[in-house]
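Here come two complexes built around chain A, the first alongside chain B, the second alongside chain C.
== the complex of A and B ==
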């Protein structure tokens, strides 16, 4: 209440100064002849007599002297104003047309509800899935039969390491099973921070961030940086997780052909040309290249050197998904960057799932501190999802220590992958593609049966035959309606460092026999 | 109205009647200021008022893009002119009608006082087009620069 008179006083002063200011301008205009003009007596230097008359006389003059076209124009404009003010209806240019009540009625009338569960057609029956019992390792029990496991991504054989199990057990006894909250909301434990530090140290980058699901790492990392109005140059053959990240980013997507660097260069040059024409827009739009180091859907290697060259030449950031290459490529298993003898600064963001080589759960993303720190508030999978269960975090830390202690296993794994690939090359019924050191191998039918469905059926039969022969393998499965670029049907094999030469030879032999029997 | 969690202040600040009154007052003020220039005649005064208003109007509503406020739309408005942001893009709303009618009215006044001078009339018609045509719903989302760059592409 004390301030009220003060406010009143301030208002008074503002008002008075406004009146004085406007009054001064008014007086000034008086001096300059404004009033004279309005009264029609003054006027200084002008070209026409028209400026010497009053407004009233002007209107009369106007009506008698104005040309017809002008009158018509002005009448039309006046009518327009009247229409604008009284006869227009609001509408939104982007809104779709609403149906009339009659149309609505007929639509409802025509609608026939479908059964909630439609009857299955014969060719659409759910295949009987084999039942796996017991622990999954180099050998796996499928439907009660012991099979050699060539299906699980257990590249480094860490799945059955005793000390990892022990560490996980100790952690469960100490922390319980779940972490009970997102990282920013009581879900952060010392083991998470420990794992992040270890990951940063292992990858040789400044900082790492841990996601609770491998799929979510890349699917959150892409939209954390790339927003609407930004541009992503993306390989056509990226896996499903990357595709989900791309669509969540709402950026402008420009796909280049799988591993086709000429196509990418063409797109980048095209963009450069556009940027030159519209520099203001170019300044605001960020540009990214998104690729996988080893492609989940094809098993081939990205030409990373060329990408890094483009990064320098066109100023594009690289987001690399390393799920398959982490713990596989490079002398110390750091992934594709090490494999190509590049430095960590050459690739901006690296994402990987921890459920493949590291044999735990979750995913991580590593890079510069300012890059990673941004994700702690912008990575949706980090902010809005419960954090990684503590025992999986310690299992990951333990896996990293093992990877650090025995770097020889990466070389061994790659040699075994190479060997198995050579063995597979002897089978004439199949086509083996991809990078020769990749432990994930897709094998395709050399001669298609005519349609995708027939090929898939044949491969399914081969897989179930292999179970009988004591080999556990799987076909590559896709959400076919949602894939951007559906790969051809294939059998997906995974080599582990724990497979012996004899086991791999046996596996290849069984595959050869089965293929020969089925593809006559 | 488009549903959005965070409103864009650019969409509604012009809607208040106080803003309309202020707009009218500032144009009247502009008219007084132009009148203070001693040597020019009344037709020139009106043409100048009309011209300054419409060109300023064009720059503020149809040339400058984006919003000074931080919005939660992932930058959707950063490519939109201020005119397109009014009422979130809805057409023929009172604010849009007011601003369109204002430009037309100003032309009628200017045309009234310049009727004897054909050159000035022609200039006024051109100025009117600059002010009124971009306000038509037909030109919602239309970009002259884009059209020009497309036609230069064809020439190449």
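== the complex of A and C ==
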């Protein structure tokens, strides 16, 4: 089949050159003949008459004197050229590809689309989501059974704080529930501005911007800055919302191995080399490092100092996802920057969901005014979405006030996390990894059952056994086909500052018993 | 729970395609005299003056930027402290646009509100000493007639059954949530809400999410993937565009509400298959909106459904603005146009607008919803809807359905329809160019030039009327507009006041008397 286009091409070339060649020969011969004739008759005519001979007369003159065979030949030649030019069927190499209307109809008739969603099967089960009634605090009522809650991210226990409830109630009595508009069109309430100011003050940054959904904050912030042609150096282990932000940005993505600074350095050096070769392009392209402070998928800490060093050395901006570390790390709960004793200038943008420590909804980004303001027109999840309901904004403000007034709770939370981690270390069937002060703890099976599916099944059984024993825990759930780097199956535990030592001990004990029973 | 009623012949296929079904060409003219929409050709003089306005602003902008460069003008917001510009924002075109064009009308947007966005809205008075770079609160507030908020059925209320239910749920569940749906985020009230939503939109099942934007942007990727084709209306909302981009599917755009354009794309897609490989598409998803938020237009659902059945495509209907706001009982655009909801595969909508809450839903068959429960990004990774919001929606929905034992809900729906018809009729009598469907509560009045958008917005604000002015880039350059969102909370007197003030202002701006051609399609 490869020869077919070649044949077409040669055909076409022959065709064209034939027309052009013959045309040239004919015209040339005509004119040569004409001029010969004219010269010939020139002898019998005066030079002044010469100019009066039109071409048509010239042809006639020529025809009257030329030999007959010559004329017949030339007329035939003219007719042939006319035929070639106007009456030959034009050759379209793709013409045969175009289906007739009947063929189109049959194609349309025969086309069978896949079903909109794949049918349910063993691999594709409906997830059982347990139904929660009442307040989710240290204890939670799951499907009617009261359990010790080691599953939800209520790190600072703010979800069930009476103060916050009262503030939220007052707000509803003044503003109603919804904001009924995007920020641009009468959806900016004074409480949103107030929350943004408080967030900026709390994080010690110039400005903060509030999104109405935690997932949308980072997913909109990244594409607001990074466009096609820009380069993002990104940790392989980032959470799903970050991954969505990365793919929405359409930038060039360079993943480095999870928390592997050597790998990152290598990528940055590579890029530096490329930039030297093409300085014009390098001048235009923005470069970012995207990482999470505490990784949702692993519970470990980012080597932020190293990142900051790279930022200075290579001129790469840092966008840091702080959902888990905000209100957890640092002396006053400001997050990873405070934990590492860095300054706010070292990390350009921090982004966090407000539904973890702050126990409200939405997310925020904080940084320099000039940089953050850019999101107010370019952050799609900010511009085109209704703003956060006012009562959730005041709940957030109140949460920040509480966090500011009692900074001791951050230390307490981290100590409880440490304690629980130690208790878990006694269970020989599991592997506990991650940062020791992280209130989110992933526990993995020490010995795999052989496959991911078997491991998951075992963990599911352990989770349901724990429910029976009155402990609410969950497995870490992922969209397995869509994750960039799928973490191993695990149970995800969350410690709250409200948990007492006894509750944590009891939780660990139940886990130990269940694991021992199931992993024999 | 209500089940979808489906004819037996189509039960085997979820997109309602009839095997060996009709193949005659569907013409745009074949249907529906009720589909009456006005669109106007932009008159040449308006187009020229509008382009000239923008050109002038851009030209002026370049001069000012040059003066900034050499340090003659020192203004700006926050640049001073941003020394190492790693974000390279200064060379962005958006930056230029913000500095030189958008800034001039910044006072018309993001106006802070300090009260419930009902029929009246309290706006914080603010002033700017530095040409709109920053604003200061003066300390007073103005009570304005609210024609800017999406409060179609007037459920933005600080008291009444909805607010009471929401407040009660704060004490029962807390204000926020901190778990995702697949973990421990499925609160009882969310479960109740989902059942009610399914019943309301007449589908078998529904799932709700905490943010309307994310409902689109995180669920479209769960439905289509690489190798699938999305046919999207040219004026679809940014959330649909984001979702379509994230899905990895191929996106093709058809002209706004243009059935021929859609059919051409459908035929071409099926006949040619995927680009390069020419494999057949896995599936084709048509995405349209119930009411287009900037045009006030309604999709031609009858024709779209015929096409969808003929070509075996799937239909995704985003009813962000139309749910509650269209149809004799507020069931949305399907009810308004008399379309069977079973013919629409995915019905999506938001709770921000008619229900006074926030978040969004997707309603479909049980299979689809079960798939979304386990594959939607938001269901797995994002926190669930907050309980007070769920209760606000649940209560308002029950009122609309008349389950509270009164006809309060029906009264609101009827009031909105009456308000809409009256207001649109009067505007047309006053010879303004009004876009969109005659029954759509989104009323865009075309004023063309950016200067007029600002002037009308500011002058109406002085007259204590709050409206939304929209220009480029949210609309096409020449079609700058004032957008009015009507509400059941508005009374006839309020609307008359607005019409009078609007007419007065526009006559001082040499406006009105536009030649509107009614195009019945």
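Just a few scattered comments:
The working rule: the second predicted complex is superposed on the first by the 392 of 520 C-alpha atoms of A that agree within 3 Å, B and C clash if a C-alpha of one lies under 4 Å from a C-alpha of the other, contacts with A are read in each partner's own complex, and residues count from 1 in each chain.
We take it that a contact is a pair of C-beta atoms (placed from the backbone, for glycine too) under 8 Å apart; a residue touches a chain by one contact, two chains touch by 3 or more.
From a predicted model like this one, the values you see are computed outputs, not experimental measurements.
Comparing chain B with chain C, more residues of chain A are touched by C. In the overlay built on the shared chain, the residue A:78 is in contact with chain B alone; chain C does not reach it. In the overlay built on the shared chain, the residue A:66 is in contact with chain B alone; chain C does not reach it.
Judged by the touch definition given at the top, the superposed model places A:418 against neither chain B nor chain C. In the superposed model, A:244 makes contact with chain C only, not with chain B. By the document's definition of touching, neither partner reaches A:254: not chain B, not chain C. In the superposition on chain A, A:377 contacts chain C only, with no contact to chain B. Judged by the touch definition given at the top, the superposed model places A:228 against chain B, while chain C stays out of reach.
Once both structures are placed on chain A, chain A residues 284 are touched by chain B and, in the other complex, by chain C. Taken together, the chain A residues at the contact with chain C in this complex read 99, 104-105, 107-109, 111-120, 124-127, 129-136, 140, 142, 149, 151-154, 159-160, 164-165, 168-169, 172-181, 183-190, 193, 206-207, 212-216, 219, 225, 239-241, 244, 247-248, 284, 286-287, 311, 315-317, 348, 353-356, 358-361, 368-371, 373-374, 376-378, 380-381, 383-386, 388-389, 391-392, 395, 472, 474, 477-479, 482. Against chain B, in their complex, chain A makes its touches with residues 25-26, 28-29, 32-34, 37, 43-48, 50-51, 58-59, 62, 65-67, 70, 73-74, 77-78, 80-81, 84-85, 88-94, 227-229, 250, 277-278, 281, 284. Here chain C touches chain A in the complex through residues 13-15, 20, 23, 76-79, 81-82, 84, 86-89, 91-92, 94-95, 98, 102, 109-118, 121, 123-124, 146, 148-151, 155-159, 162-163, 166-167, 170-188, 191, 210-214, 217-218, 221, 223, 237-239, 242, 245-246, 267, 270-271, 280-285, 310-314, 345-346, 350-353, 355-358, 367-368, 370-375, 377-378, 380-383, 386, 388-389, 392, 466, 468, going by the rule given at the top. Listed in rising order, the residues of chain B touching chain A in the complex are 1-2, 32-33, 35-43, 74-76, 78-79, 88-93, 97, 100-101, 104-105, 107-108, 111-113, 115-117, 121, 125, 137, 140-141, 145, 149.
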